[in-house]
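Going in written order, the chains are labelled A, B and C, and every chain counts its residues from 1.
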Amino acid sequence: MSVDNPRAREKEFPDVDGAVSKQTWVDRAYELFDNKKIRNSSLLGLAAVVLLIPTFGGNYVMEIFTNAFFYMVLCLGLNIVVGYAGLLDLGYAAFFAVGAYTTGILTAHFGMNFWLTIPFSVLFSAMAGIIIGGPTLRLRSDYLAIVTLGFGEITRITARNLEITGGASGLIGIDRPELFGLRLYQIQHFYYVFFVLVIIAIFVAVRLHHSRLGRAWQYIREDEDAAEAMGIDRVKFKLYAYIIGAVFGGVAGSFFAVKMTAISPQTFLFTQSAMILLAVVLGGMGKIPGMIVGAFVLVIFPEVFRAIGDLRMLFFGVVLLVIMLFRPQGIWPERRS
Amino acid sequence: MAILEVKNLTLRFGGLTAVNDLSFGVDEGSITSLIGPNGAGKTSAFNCLTGFYKANEGDIVFDGKSLMKEKPHKITQLGMARTFQNLRLFKNMSVLENVMAGMHCRGSVGVVGSILHTPKQRAEEKKIKEYSEYCLDFVGILDKKERLARNLPYGDQRRVEWARALATKPKLILLDEPGAGLNYDEKDDLIKLIQRIREKLGITIFLIEHDMGLIMKVSEKIIVIDYGQKIAEGNAEEVQNNPRVIEAYLGKEEEDEAV
Amino acid sequence: MSTFDIILQQLINGLLIGSFYSLVALGYSMVYGIIMLLNFAHGDIYMAGAFVAFVMLAVVSPVLGAGWLGIVAAMIASMFLVGLLGVFIQRVAYRPMLGAPRLSILITAIGVSLVLYNSVMAITDGEFQAFTTDLGFAGVDVGSVHITYTQIILVVATAILMISLNWFISKTMYGKAMRAIALDKDACRLMGINVNKIIALTFFVGSSLAAAAGTMAGVYYGSIHFFMGFVIGLKAFTAAVIGGIGSIPGAMIGGLVLGLLEAAGTQLPFIGSEWKDVFAFGLLILLLVFRPTGILGKTEIERM
């Protein structure tokens, strides 16, 4: 991350009108990546490395990667809400909780097969998205932010106080899933499962970004009134973004539940939502490779700097401030030319 | 036949009545103008028509349908497009993307189509792009389609707004001070463009303008308002000779010029 | 306990909690009114106020004791220092962002919040700190309800703070400048008002009030915690919205209304105290949906 250029933020904000933006070496490196050949070959190489990691990396490495994959899905989902549609969601962990508890309850209390719980998890997280987004998306964006924060807390408190969710201690002993007769319990199983999940998430996010929906979100983000004047129903499209983001969170939550086999309200604290948001901002809102990098940094960082322990969140807060003040477009920003 | 019928329209902001019992019609296929001194309520009236303000009383009938309860996006879908007095482009997007925004309301592909790239989605994307390029060509800036909107000169930015409004495939287009900030030559082009929009695309035009020369040259019917009320209506000559108009508008304009 | 006693007890609880909400809501509302910023870190300012007062009390108590004299001294010191903290935050984090998109400035505020509460967490090791005072439990008895002098004094202190603020906003030059800036920043610049200075002053006053609330909460509950600002930040925002965000009397009334509603809510069937927060946030959501301008808020007219 480059902080050597305090003026960098100027080029992000509109109205500076074609300001001759000073490029940092990071920008130039990413420009290389815009070349199709370089991009495709490096992506292929990356995929090969990722697929081969379980053969030479130990359990610890796989654990970290699986965790990073998991956060990538969450970041890609939150990015649709924050990066694409420009809505600040401070309670994203709630959707992740809805998915995790849906799978947890259906498998633990009703003995349902894990794979069958996913449609329910999609359904319930989408419903949660509609319940919270439907009435509030017509409000000002900052009101939405605080409502999502409140909603996140409501979800967590509800999970803590209901019997079916196991109260404060949560659900334990969630059954391991089977895939084509293979019981998934080892870390390398989940490593591949989560990797596939990330690939699907990226695919969906890319397709949405370059679609009629993706453009509508961008129009709304740039100028709501002008978008409305062009016949774009802003409430409807914001709700789409919200629901899709919720579903990403819900599905990730389902897989999280079976990987951990235990979930508790403690997993879904505000801190969790804040961390996912941090990764999105860090990576660069709106840009898919940015989400990958952001999630990876989020997971890797505490591993590398184990010594800082509890200071982790403090450090993340400082990082968040430094990024917003000096490089608001994130490590890997959206290209604008 | 009137494509747009405004009946007893009234809009109040607290104690201030911005539009007061205003009634007029815009004939299909015509070029009609709404004029009045600064603060007469022109833009407020426009904002009521396009759904950005909710009028307190009266009725707006467009193409046989009341618009009083409709949201702006719905009104655009029904075939009434607008431009803004102060340019409201999507500044950080390309010119083509800006114009594609206009085509948005004529498309229908949803989440699933966008993710799976169904044949319908591909056909629609192609259509959106082609028609947007047609609109850009129509206003004469197709060669600048890949540029960022904010990097264009002012006159070209105005053209992007017009192209964007045309891309919504409207029956009626509302131009809010289309001549503002344009130089003499550009205004000449504007007059030609307004006429071409009507002749070639068959779109009815309703505009607000300050430039009297432009108004007199282009409009077939002029509606004059002052303090939110209609004070005169007719063709250029009739309006110019109306004593109330001279008093309210032209008189004021002379004062302005004297300063 | 008779029904009357229950009502009285809840009335007192509601009034006290409502006072804290009001004081914090005022800061939200003032800042929002003047620069349209939703200061997410405001709850953490309240928390900082409690901790600074805690330290100050430890400093002054050998001389002034931990009774009212010491507490008032600690509170004033805390109001001053935390007011400066607010100005510092505004200067470092918010002022450079004033021209930025709304989303960016909101995220910056989240960053400030994370830094504040995590710093205090690091310093206190995440433990509760006992806010020990010598106030005791003396008071008056009404029926079977015991009302301590502390409770009475806290409510009176809140009232004094609010009346002073009202005087400050409506009568002094600075207050008038604040209201003018809320209406039109550029016109104020043309009129020779130092806009940046007034914005800083707004942060100072708002943060001081939150610090006062934090101190009083410490005195009332007897313990403080790094995360104490999170929920109250949310609640105070709710209160500000109830009253109509941007409105000073609105924030005062909104806080009291929310406090009383919450106290009443705990007595409803099926709603135990563990659902208290759900009740408040549910209320917030309903309110935003049905009356986003609040009780005293003005409707906005957007310009094209």
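We take it that contacts are C-beta pairs under 8 Å (C-beta built on N, C-alpha and C of every residue); 3 or more make two chains touch, one makes a residue touch a chain.
All values reported here derive from a predicted model rather than from experimental measurement.
Colleague: As a test of understanding: of all chains, whose mean C-alpha position lies farthest from that of subunit B?
Modeller: Following the centroid criterion, the farthest chain would be C.
Colleague: Point out which chain occupies the most central position, where each centre is the mean of Cα atoms.
Modeller: Central chain: A.
Colleague: Would you mind pulling out the distance in Å between where the CA atoms of subunit A average out and where those of subunit B do?
Modeller: The answer is 41 Å.
Colleague: Can you give the whole-Å distance between the Cα centres of subunit B and subunit C?
Modeller: 47
Colleague: Using the average of all C-alpha atoms in each chain as its centre, how far is it in Å between subunit A and subunit C?
Modeller: Here the centre of subunit C sits 32 Å away from the centre of subunit A.
Colleague: Which residues does subunit A have that touch at least 2 chains other than itself?
Modeller: Expected reply: 15, 225.
Colleague: Among all residues of subunit C, which ones touch two or more of the remaining chains?
Modeller: Residues 302, 304 of subunit C each touch two or more of the other chains.
Colleague: Residues touching two or more other chains, restricted to subunit B: which are they?
Modeller: As it turns out, subunit B has residues touching two or more other chains at 52, 84.
Colleague: Flag every residue of subunit B that touches subunit A in the complex, lowest number first.
Modeller: Touch list, subunit B to subunit A: 50, 52, 71-74, 76-77, 81-82, 84, 88-93, 97, 100-102, 104-105, 107, 109-111, 113-117, 121, 124-125, 128, 148, 150-151, 164, 168.
Colleague: Residue numbers of subunit A touching subunit C in their complex, please.
Modeller: Of all residues in subunit A, those touching subunit C are 9, 12-13, 15, 82, 86, 88, 90, 132, 135-136, 139-143, 145-147, 149-151, 153-154, 157-158, 160-161, 225, 270, 274, 277, 281, 285, 310-311, 313-314, 316-318, 320-321, 324-325, 328.
Colleague: Contact residues on subunit C for subunit A in the complex?
Modeller: Interface residues on the subunit C side: 38, 40, 93, 96-97, 99-104, 106-108, 110-115, 118-119, 121-122, 126, 230-231, 234, 237-238, 241, 274-275, 277-278, 281-282, 284-285, 288-289, 292, 302, 304.
Colleague: For the complex, which residues does subunit A have touching subunit B?
Modeller: Checking each residue of subunit A against subunit B gives 14-15, 17-18, 203-204, 207-208, 211-216, 218-219, 222-223, 225-234, 240, 244, 336-337.
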